[in-house]
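When the chains are written out, they are named A, B, C, D, E and F in that same order, and each has its own residue count from 1.
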Amino acid sequence: MYFHLQQLINDIEVDEPDPAAANALQEGLGGQFGEMRTMMQYLFQSINFRGPAGKPYRDLIQGIGTEEISHVELIGTTISRLLDGSPAYQGKKDAPVDAPGAGGAVPLEIALDHSNIHHYLVGAQGALPVDAAGNPWMGSYVYNSGNLVLDLLYNLMLESTGRLQKCRLYEMTANKTARSTISYLIVRDQAHENAYAKALETLGVNWRTSLPIPKTNAESFPEVKRLLDLGLQSTQYSFDLDDRSEAGRIFQGMSPSGDGTELIADQQAPEGVPSVIAPERPEEFAPGADAELQALIQATAEMEMADIEAPFGRMTSS
Amino acid sequence: MYFHLQQLINDIEVDEPDPAAANALQEGLGGQFGEMRTMMQYLFQSINFRGPAGKPYRDLIQGIGTEEISHVELIGTTISRLLDGSPAYQGKKDAPVDAPGAGGAVPLEIALDHSNIHHYLVGAQGALPVDAAGNPWMGSYVYNSGNLVLDLLYNLMLESTGRLQKCRLYEMTANKTARSTISYLIVRDQAHENAYAKALETLGVNWRTSLPIPKTNAESFPEVKRLLDLGLQSTQYSFDLDDRSEAGRIFQGMSPSGDGTELIADQQAPEGVPSVIAPERPEEFAPGADAELQALIQATAEMEMADIEAPFGRMTSS
Amino acid sequence: MYFHLQQLINDIEVDEPDPAAANALQEGLGGQFGEMRTMMQYLFQSINFRGPAGKPYRDLIQGIGTEEISHVELIGTTISRLLDGSPAYQGKKDAPVDAPGAGGAVPLEIALDHSNIHHYLVGAQGALPVDAAGNPWMGSYVYNSGNLVLDLLYNLMLESTGRLQKCRLYEMTANKTARSTISYLIVRDQAHENAYAKALETLGVNWRTSLPIPKTNAESFPEVKRLLDLGLQSTQYSFDLDDRSEAGRIFQGMSPSGDGTELIADQQAPEGVPSVIAPERPEEFAPGADAELQALIQATAEMEMADIEAPFGRMTSS
Amino acid sequence: MYFHLQQLINDIEVDEPDPAAANALQEGLGGQFGEMRTMMQYLFQSINFRGPAGKPYRDLIQGIGTEEISHVELIGTTISRLLDGSPAYQGKKDAPVDAPGAGGAVPLEIALDHSNIHHYLVGAQGALPVDAAGNPWMGSYVYNSGNLVLDLLYNLMLESTGRLQKCRLYEMTANKTARSTISYLIVRDQAHENAYAKALETLGVNWRTSLPIPKTNAESFPEVKRLLDLGLQSTQYSFDLDDRSEAGRIFQGMSPSGDGTELIADQQAPEGVPSVIAPERPEEFAPGADAELQALIQATAEMEMADIEAPFGRMTSS
Amino acid sequence: MYFHLQQLINDIEVDEPDPAAANALQEGLGGQFGEMRTMMQYLFQSINFRGPAGKPYRDLIQGIGTEEISHVELIGTTISRLLDGSPAYQGKKDAPVDAPGAGGAVPLEIALDHSNIHHYLVGAQGALPVDAAGNPWMGSYVYNSGNLVLDLLYNLMLESTGRLQKCRLYEMTANKTARSTISYLIVRDQAHENAYAKALETLGVNWRTSLPIPKTNAESFPEVKRLLDLGLQSTQYSFDLDDRSEAGRIFQGMSPSGDGTELIADQQAPEGVPSVIAPERPEEFAPGADAELQALIQATAEMEMADIEAPFGRMTSS
Amino acid sequence: MYFHLQQLINDIEVDEPDPAAANALQEGLGGQFGEMRTMMQYLFQSINFRGPAGKPYRDLIQGIGTEEISHVELIGTTISRLLDGSPAYQGKKDAPVDAPGAGGAVPLEIALDHSNIHHYLVGAQGALPVDAAGNPWMGSYVYNSGNLVLDLLYNLMLESTGRLQKCRLYEMTANKTARSTISYLIVRDQAHENAYAKALETLGVNWRTSLPIPKTNAESFPEVKRLLDLGLQSTQYSFDLDDRSEAGRIFQGMSPSGDGTELIADQQAPEGVPSVIAPERPEEFAPGADAELQALIQATAEMEMADIEAPFGRMTSS
């Protein structure tokens, strides 16, 4: 059973809207090696897990899988923020984007040559379950062979590829909103890579100096370095409400990545940051509950009161 | 941020394995109107939600979305149990299924003409992220127009269709394992249908006698009736750890389905039931951490101790 | 602009339900070489046609394309009839299939091991836009290169392949409902093959004895022979309401298939047969407008009258 | 059975070519909520319809479905016109685009960075069965649950979403060719939304002030306003050649959208406008029947005459 | 540049036709971990390879990739043989399957409830580029990150998973035709797993006792044991015509799988076996060049001679 | 069985990197009418071929199919070269692209608005198995009806469409690297079109002046003209190592394309050109075996020597 806390797992830095960066980040959300994939893969591996004696491995996968749901939430929100307000941003800050369409205005013109047109046409400046080339996420991405060692090997490769792609994403944009989430996920992917590598160590592999795979210079990215200094690459949370997770029996000892740190798994979860709700976007006809709707809600409530006094069943007699 | 509890949201009754029923239930997991879809749709709608004044609506969607993750877990586990051990079950209980392949035995012959062959060939008698016809789940299923009223209308239709399909599933199998989960989901889909119908009521619609859509006779299914008598169709949980959900401002008053009950949203979550880990299946080469692996783990641990005494960097000098 | 006549383009013979035959026929509806494909391909070729001097070719394609919509209607209806009532038919004619689910009955059990489970689970014993292996129809099937000669060559191959597959379908089932539609479509595919072959003749190709491609012995199928004797393979209708079609300038002279007949294009349309509406299927919760619904409609109408007398705006004053 | 009239259902205004607008309009043609989808969905719902007593509902769906084929024709033609000649248009009006490729010229260079490259590379400056992000149309879009009320609810949502997307499209381009078709479809989607909302009214729902969903300010778009003033949002045609449609029994009375108009269904079809055939495009090697081809046709005809005089079988004796 | 030899890479044992086994083997051909995938993946990795110093690694991948094309040929031919003649085989050996369709016979009835109906309806009792559940092969399966170590790690996992699935396939059928190819591919997958594991060893990993992954008991399958005794799991061929491959610099030394053998890479290719062409199947209208066609070819040749004597250009003067 | 020669089938001219041209060429690699498709289609047609008497036809298809693998290699390498180094090329030749990410640099910024972002994000400036619009290649493209004449007709159309698209590609870019490969493939497609047209001639068709289809002015493209003058459109190689191909019995006589040349099939293969390995790209974290890796390899080798002296089994005793 799952629960939610109205907090984001990491803070998202404020910067200008940037639809091109938003689109690039879609790979990290809905791509073949993105967060929706890791989330679903680990969820299925946990559900289908075999062998009660392997509970520490199941709990490790389950815990990382739960974290990935929060990563979906984090990167989805980041994409949403990068898109939000972008029509106004494109050098036309005074254009009346909030007066959709009237008088021949084209407030969504930006959609024609930036990013994925679906961000404006199908969604309303929000994240989509697709990759950076617009391909929808597919269930066939999920790998769950049922053989524990093979699943662990695949998971290691999956985290390594996710990290590689995020290092490339870092090099594609200098937008701070994008980079704050990219950097956080680079470090967390490293933590998960360490987790699966350690699990394989317990099953016989000696990685020597081969880890991490791939070797990048991400440690020279300032935002990444800050998180590495905090040891986030060597920490794993349980996200388990009852403290029954035995993942710590695996995630311990020296990091297999050879950075000299020790693996620690003694926390339930990181401290979160408050999440906020995005503003309305009239040019998308995307009101949440705007003034007009609020009035309608109020009017309806009053009408319902009247209904109760003169209810449906007795209407003809009224 | 999300958390997990090592409990299932509802109990799964024990019955014989049944791969055909397992395959049918895949529609409820990976189908266009199944639990993976509702889960993802509500997750995206929560992330991309617009309008701070609409927080009660966001919280309603977020809460149902969190519940859907537990439904994925529940129906996935149900499918896994229906498949687990099915090769032995098919009238050949004495066949040595645990001695895979030796001597020309064909312990997985069942895969050729039952259910989806991928259940045995790609997975190891476990659930897959596909529908009952074998189509992988697709991100393009997710609907999130960004217009609140339209999203609510879609969600109502989505829950109604999910319930319709589950009523049909009930009529396809008498297996108790399958029916216990089907029945539970029929009633919870009804609760979610009530939630979205009520939300639309606050925005002006009067459903009169039109709900529920569709009208079925599911209330005559004994397993369903038991849950209706408990009022599960009129209860919504918050699944919110900090009690910040305002969903109860919408989910209240008389049920729009016209069954005379009152909607109640005062609980965080239902009482769960313990989850168990499935046994190993040698014919799938699907050991979790079996005896051999345990020995290997032990041996590795000892070897690591030796490594620490004679570590890698100084190996040539040892 | 398109119009509809409440008639089927050909009669469908009556026989027992047969879900396996229904599923096989899906290839002719939603398959890569089925009627949805020819319909869409010719519609796009007509819309995008280039060169006013080529109007006879455009009109030929447009006319065949319009016919294909009627073929979609014909084969879709055929599939629907083959499925309709099949749960009762399977050797259990006395089973209470109209009492869905109550008391543990499994009236839709047939869905688990016949045909495509979606015929019962997603649809309600009706046709689906998929092929015989369950793959959904795809827009990428449509071929429209924009080069007239190449498009005609492709269309010839398309009709030939459609006919080949239908000859194979004929050999897969003896069900008369299925065979009556299969046979009709074999002959009409031949007519269309003749049309495109003739068009290529006007552009320089001499087919000599090579047509038809492929050579089958379909003329020995009794149902096919009857239609050939009527000359349906050498007749093309315009389906044009204003008689502006110039297709007859191409579809004339000796048939390129070498059967000694002359091509004739002097009719607007064949005489149709009345279409009927299928009965309700309670076990699918698929009422159209059943007794209960009729009552509701009536009640609603009366209520509306009351509303008009006591309209919405003045409700509080009632 | 279906028929065609060589007329477009609405006029397309003349403006400059605009490949970016053409690509955006693809969503309205081949997108998940575009005209191919409504057309196919209503066609399948008509074919699979259950319950003779529900004929007025069937006829309503059938009539709208037939209209949607004309919409496919209209928007497909609009896209084709927006693309046609665009290579020349891009600020290089004197470039020899009609001399494809010779001397190193790159007349199709525009394809590399505008719109969807397939518009020039796979098609020949014509419409494609894909959405604005290039995804091919899929049969899995079609919804046909078999339960009448649920199907009507879905259809309402479908038309509402189609209208929402078209309002966004209006805001993306000021091109008059694009806007004339967008505006027409906004108003017709509204008419269809009214039709399904009215049908649901007969089944018990009271929409009060909730319609239309979503509320946009499209009535302030000049092209839309002109059509609203003509009452096109409250008119439904039968497109039925024999006047057997009973759709008017539903499509009558006050509009559920609350605009104070009355629903009228007394016309067979709107007055169409003549359609024209597009010019040839040598740079696409897309001649219809150009001068060279005409000569070939003529020569072939003469040759055939010779053949008849000296036919194939006796050729050696000539 | 590639060349072909009219020989199969391994012999296929003779046994009865078996469409269910044929369908299961499709996973090994067109599945996500089948031979089309390995072939394409290694082909792309070779084309896109970076770093001249890494030529031995490129050559290793290129050589295995070339072998995979022969595996596609081998398993495709095996599937074709398992299907070929299966309609006659199904307990109806005297049925006139060679007289397609005449007199109401249903020679392809088998297609309705065995295997994948496309094997008979779309193909003509031949292999298809799909997996065992009927999903078409997809380009998105190909993994080529561009990072050598990561690509090697993925390739190791890919071969391991391919071998796991083939071990499961072995357990699904006792058909000798199927098992002879399955067994051969199990051993060759092991050889390729050794190759990638060895390559990772050169880059720092010490596998200790962890290989092979997964550990199966395939060595107890008699057909597999025979090939292991021949050392096929420790042999790699270059398939390089000019002997420029440097793969042997990696594929040498003790096998990383811990079976005590030494890796050997000194052969260009195994000795092949002659391939044969399948017979015609009239019930599929699948003649290659049958008697009728031979006569036509002869007649055409004679006619061409006549044409040359009385050629086209001077026809009018003849 | 297949073999490889470390040579490209044709030379690739040197020019600047050009990611937009690279992306356009993807259609020729992974598009519906590209080289992966012809390669796979002919491979399947060869494997499933029926009728020993038709061996010359089988050999013709097999030989062209083998050539298509080399075409995949050629166009894949061309795309790779067009992408390779493109980040540096975009007017920023002095930017430190080899210092990925440090100090906030965005060396891969080009990925956001050029070509397909996957070229930089998923691949490492290398070819992908997708088309120019980013759609992954699909197995459902492959056509293999099993009827020889129909398969030949399809193959003719396939080569014609491939050539048409390549003529359009030529018009989209003046980049010499791109044009050298495009031109070569135009001429080879023509040769294959001739082959299938000739095969159909032997089966009865007289093409008269209708070929080639389509008629383009590609002969006026200088690079194409040079190859035509060499007669490459009328030459077919066997690519058969044992000279058992009988394709020459078909590919002989006057070219059906009416260019007055004679068809010749007396060579095994063209003379190839040496292939080279691409340089490393640090900004993609795509080292092959760079200095660091070389050192690691050396160190590992030394360590392995130590291991042999103090092997695993006796480690504790060391």
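A few points about this structure:
The rule we apply is simple: a residue touches a chain if its C-beta (ideal position, glycine included) is under 8 Å from a C-beta of that chain, and two chains touch if they have at least 3 such contacts.
Labels paired with UniProt names: A, B, C, D, E, F = Manganese catalase family protein.
Predicted model only: the values in this text are computed from it and were never measured.
Interface comparison, A-F against A-B: more C-beta pairs in contact at A-B. The chain with its CA mean position farthest from that of chain B is F. Comparing mean CA positions across the assembly, the chain most remote from chain C is A. Chain A and chain E, compared by their mean Cα positions, are separated by 40 Å.
Remark: chain A and chain C have CA centroids separated by 45 Å (rounded to whole angstrom).
Centre-to-centre separation between chain E and chain F, using Cα means, comes to 21 Å. Chain centres here are Cα averages; for chain A and chain D they lie 38 Å apart. Among the residues of chain D, those in touch with two or more other chains are 32, 122, 134-136, 138, 140, 145, 147, 149, 164, 203-204, 206, 208-210, 214, 284-285, 296, 299-300, 303.
Chain contact summary for the complex, chain A toward chain B: residues 1-9, 30, 36, 40, 43-44, 47-55, 57-58, 62-63, 66, 69-70, 72-73, 76-77, 80, 122-130, 136-140, 142, 144-149, 201-204, 206, 208-209, 239-242, 244-245, 253, 268-269, 272, 276-281, 284-290, 293-294, 296-297, 299-301, 304, 307, 312.
By the touch criterion stated above, chain B contacts chain D in their complex at residues 32, 135, 138, 140, 145, 147, 149-150, 153-154, 156-157, 160-161, 164, 200, 203-210, 213-214.
Residues of chain B that touch chain C in their complex: 20-21, 23-24, 27, 31-32, 132-135, 164-165, 167-174, 208-210, 214-218, 220-222. Within the complex formed with chain C, the chain E residues making contact are 99-109, 111-113, 116-118, 120-122, 134, 136, 283-285, 292, 296, 299-300, 303.
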